[in-house]
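Here come two complexes built around subunit A, the first alongside subunit B, the second alongside subunit C.
Our next item is the complex of A and B:
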């Protein structure tokens, strides 16, 4: 496949996603306006806060890092015909694993490998239940997320707690921290690792036999079986790779974010990314490369929210806008409503 | 003929899709009251598009429609139905868990959200309708539990219940067994006797010859001509339909079969509901021979194929390929051992419709060395070469190797499957319903190709519900009935009557 032709295939979904983002922004503005805020000032602050300076942009990329990885978890699942929302739990354990192993092996690679491994391991029960007992992955992964939350909370507070600071776990030792890319920011090598992961996953899904088998199983499991592919094995792989990227998100979140380099109380700095990743994946069209951009968009919204707050708009408003964007992408009919007049114009 | 006013006329209908495809290039058809008009054409000729325009599902780019001399334009199917035009689609539009009665009154329950549905009145009206037509469907059984033929009758009843007097049937026989087709034709004749007008869309010559009064032939979005069925011959219609003489006869030189390639011994297979679908079959297929299995569908053919292709568990018995026991082997191993399988269900098994031609061209062989690079990578450049080779050799009409397979017509989809399976370089080919729903030209191509494989000394197992196909292609044939063979015969040594008896369960 020539690069140009491959590119052509992306234009339409890209256009649709951009349109959805614009619709989200527009409706968001209306909501702001109806709530009595100055929408223009708020949006200015939002853009300023996310792209306005090198420091702000660094913050955007830093915030996008875990989202890209958890979105990939969901995307691989979706491409294999699964609705895997278990990234959340795997993130916690990826973080715990990184904290634990780097206490003895002071090397970032050890933390990364531990995150990948534990993330995959945590996904296995849900995978086995689905593949061999037919338990629906939505049910099992939601339940496992809660088990993960309390188990990880206990590990963080009791086993790996920091005797010097009861509000967090032991920090990642300096030798295992990821180098910062921009001074005085929280942007570290973690972002680069996330982008590389996305590219690797893209290559796996579209350029390897494994990826071919995963996508075939996801689209048509009867045809897969006929084609000598074992759909059960494909599902198992989907859970494992997805668990790995989510575990990696957790590990990077503690190894690459100054100043604490630790898990804070109530898992606050690793909480919620698994769920936000679902939205990022949808906006990125369940495609690893699209997800990089969608992740940066959501990172920007989160990074810019702080400055937007200073215009009097509450932080939560950003979540409202995020929500509207996701709905705009997810509801094809809504998009058609806007696209139809355009198409008619062309015909 | 031109003296009478047609009850329905579609004049100069043009349909151009937004992507520039000209589906219809100025089609005019006339339908007279109380007749059965056949609309004949290959897959993709524009028959269905034309009828969807009539039924208000598509907007024509240009053209006018006259109903009883008055110009009309329907905005929706509901609008068409209100004007007395009903359509039964190829794919049914029934709610599977509802029973027939619920399905038929769906959308006519009354308007208030909480208004009471007058079920009893509906039941009486339906019963009267059925009595008039002299056919019955069970009104209280969920439709998913009913045979396809019955479901189709429910669709027809649904339209009649809405008092339509022009009925469009889109490829109504595609999903029916031969017996169900006979029953459907009986119903259509009765409807005609009652004065209903019927438009019968088909690409099957024999059916059009049997049931219609006149035939309008459409080719590539244009009307080729309209003839009285009584003055037509299948050869004439075929020529009009494909624009050239179709060799409906297949050239098959005599050939001595070679050694046994495939052998089944006392095979027992269970069906989805645990019933004994295949009951102790024993047969063999030799090199250079086409062994055909005929019979009414649902007599265990599907289970037999699935068992010998590794997709279904074998309960009892043995399967051998070139003397090697392959019982219970996985599809992947079978392909590597020289088995190819053209599956009966093209869209759910043979192809992944959303994937590209390229991706489909390697299904079941994607692990082979020729398509691989290091690290488990697929060599897409080689796959593309392979796809282009298949497209060229089999004259597959496709927008490109990267087009999704669903953008191909049914005939070309089927050709792609045959091309792919043959490219596996098999010794033994299983062809299940290889030409079902495929246009005449592709059918001819595929049938000739199966004969070519036989001439090249391959062993071919042909399973088909199309009796003519089995008779025409097979060197030996079996007739399957309730999981058993009623007899294994040579097609030229058997009469139609004998086959009919065996299909009905009488041993030869």
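Our next item is the complex of A and C:
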């Protein structure tokens, strides 16, 4: 495949995602208008709050960091023919692992490795149930997410609780914190690590034998088996790599976000990224490079929401827009629904 | 452990059973027809919100339940059109619907009532309990209604031609199609029944059981209902029993939290994980065997 052909293959999915985003923005505006808000002012504030200044843009990138990593979890699964929605639980344990290990080894690398390892470990039971007992991963990962929530809450509240501050876990010690990229922001080296991870996953998936095996068994597991590929091995690896990136997301979320550098009560600062990552992956077309951009878009929505709130619009409006974008992405042949009448008009 | 405690635990479990049971029964019907939907959480959220609005406008809790059912129907139509008619993926729309549910209700509470985070439903717009004691324990009319719905759903699925067709399009749509059954129509109908039941469940949260609308009112019950559906082996009556068990564990975890002696021995979080662990064990076939309908989650296109 030439580079030009490869590029052409990206145009259609890109068009579909852009269209879905536009539909999300449009319906969001209608909802705002129907509820009596000034949609134009709200959207202006949303853009201003996410891209309007260096500080705001830093916030956007910071908010996109965990989303990029959890989206990759989902994307690797999707490319292997799995619907792995278990990133959520792996994020919690990645964060706990980072808090735990850095108490004795005050080095950011220790936290990162612990996050990667525990994330993969947490995903293994779902992988084994899928591969050896045929349990559908949507069901098992929903169960495991709940189990993770309660166990991680217990670990955060009872085992690693901060005796000085009952509202959070022990903080990551200064020696294991990631350096900030922009002063007075929450943007740290974590973002760079997330982008590098996305590129590494891209290389693994599209330029190595393992990646080829994963994608082939995702397209057609029987044909892959006939071609000498073991789809069970492919599925196991898919869960393991996905667990690693989700665990990393959790670790970075506590090691790179000032001022608390800890897990807050009710897992509030590590909660929800696994679910939001699914949307990011879908908009990024389950492709690591597309996910970087989709992650920044969702990060921008979350960062800009704070300024939008000052125009009187509730913060949660951005979740509605995200949800509509995802429903729009789910409509098959969305682009054709719009392009066909256009083409007919030309002829 | 005294009599009052047993009564309050039993009534609490029954009250918690209703939304999980209704949603699970709906999910059973939908998946028996071959349509997966993981958006029940979002349906519960939105129907709790719109149900409360309907109830307050009419000053009647039953109208609230109807409003919830209508909300569910509208969302079900979106899901049904995407999955059944456009042959789209069955899981993705639900992810979007759940986001819209959580975002929309938090947004809506502020936009409609002007209060942040929660709205107390007017007492006159709530459903009156069948029975109530001096300690605040009560029994909602929705408890017997839910039990009846479980048995009717079972009878409908396994004893009527309509149910046979629903199961046929989920098990083997090709054969059903060859016999002249309109696969798309039956699948779409099943999705609508399921979403309407989840809609009633959502409105029950706000206009009956909890009497309030909060921005996290569904609290994961849409996902618990999916777990319970699998636990039940896609059977409405077992789903009713499973929902009672989930409700019981829910109440029991709260009891442990409030009991200093027990809280020191077993963390309540461990009790809270039990229903999920048990469900996993059931699905893994370690006790019993749960098998989904053959064409569950797969779009059917005529060759």
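Just so we're on the same page, the second predicted complex is superposed on the first by the 333 of 347 C-alpha atoms of A that agree within 3 Å, B and C clash if a C-alpha of one lies under 4 Å from a C-alpha of the other, contacts with A are read in each partner's own complex, and residues count from 1 in each chain.
Just so it is clear, a residue touches a chain if its C-beta (ideal position, glycine included) is under 8 Å from a C-beta of that chain, and two chains touch if they have at least 3 such contacts.
What you are looking at is a predicted structure, and each value in this text was computed from that prediction instead of being measured.
Placing subunit B and subunit C on a common subunit A by superposition gives a clash between them. When both complexes are overlaid on chain A, the residue A:138 reaches subunit C alone and has no touch with subunit B.
When both complexes are overlaid on chain A, the residue A:226 reaches subunit B alone and has no touch with subunit C.
Shared-chain residue A:192: touches no atom of subunit B or subunit C.
More residues of subunit A lie in contact with C than with the other chain of the pair subunit B and subunit C.
In the superposition on chain A, A:210 makes contact with subunit B only, not with subunit C. The superposed model built on chain A shows that, among 27-35, 171-179, 189-197 or 261-269, the segment of subunit C colliding with subunit B is 171-179. Considering their complex, residues 18, 309, 311, 330-332, 335, 341, 343, 345, 348-355, 358-359, 362-364, 366-367, 372, 375-378, 380, 384, 402 of subunit B touch subunit A. Residue ranges on subunit A touching subunit B, taken from their complex, read 1, 5, 9, 203, 207-210, 212-213, 215-216, 219-220, 222-230, 343, 346-347.
By the touch rule above, subunit C contacts subunit A in their complex via residues 36, 38, 42, 78, 82, 86-89, 91-93, 95-104, 106-108, 110-112, 215, 220, 223-224, 226-227, 230, 267, 269-270, 272-273, 276-277, 279-280, 283-285, 292.
Interface residues of subunit A, counted against subunit C in their complex, comprise 31, 35-37, 83, 85, 129, 133, 135-136, 138-140, 142-144, 146-147, 150-151, 153-154, 158, 275-276, 278-279, 282, 313-333.
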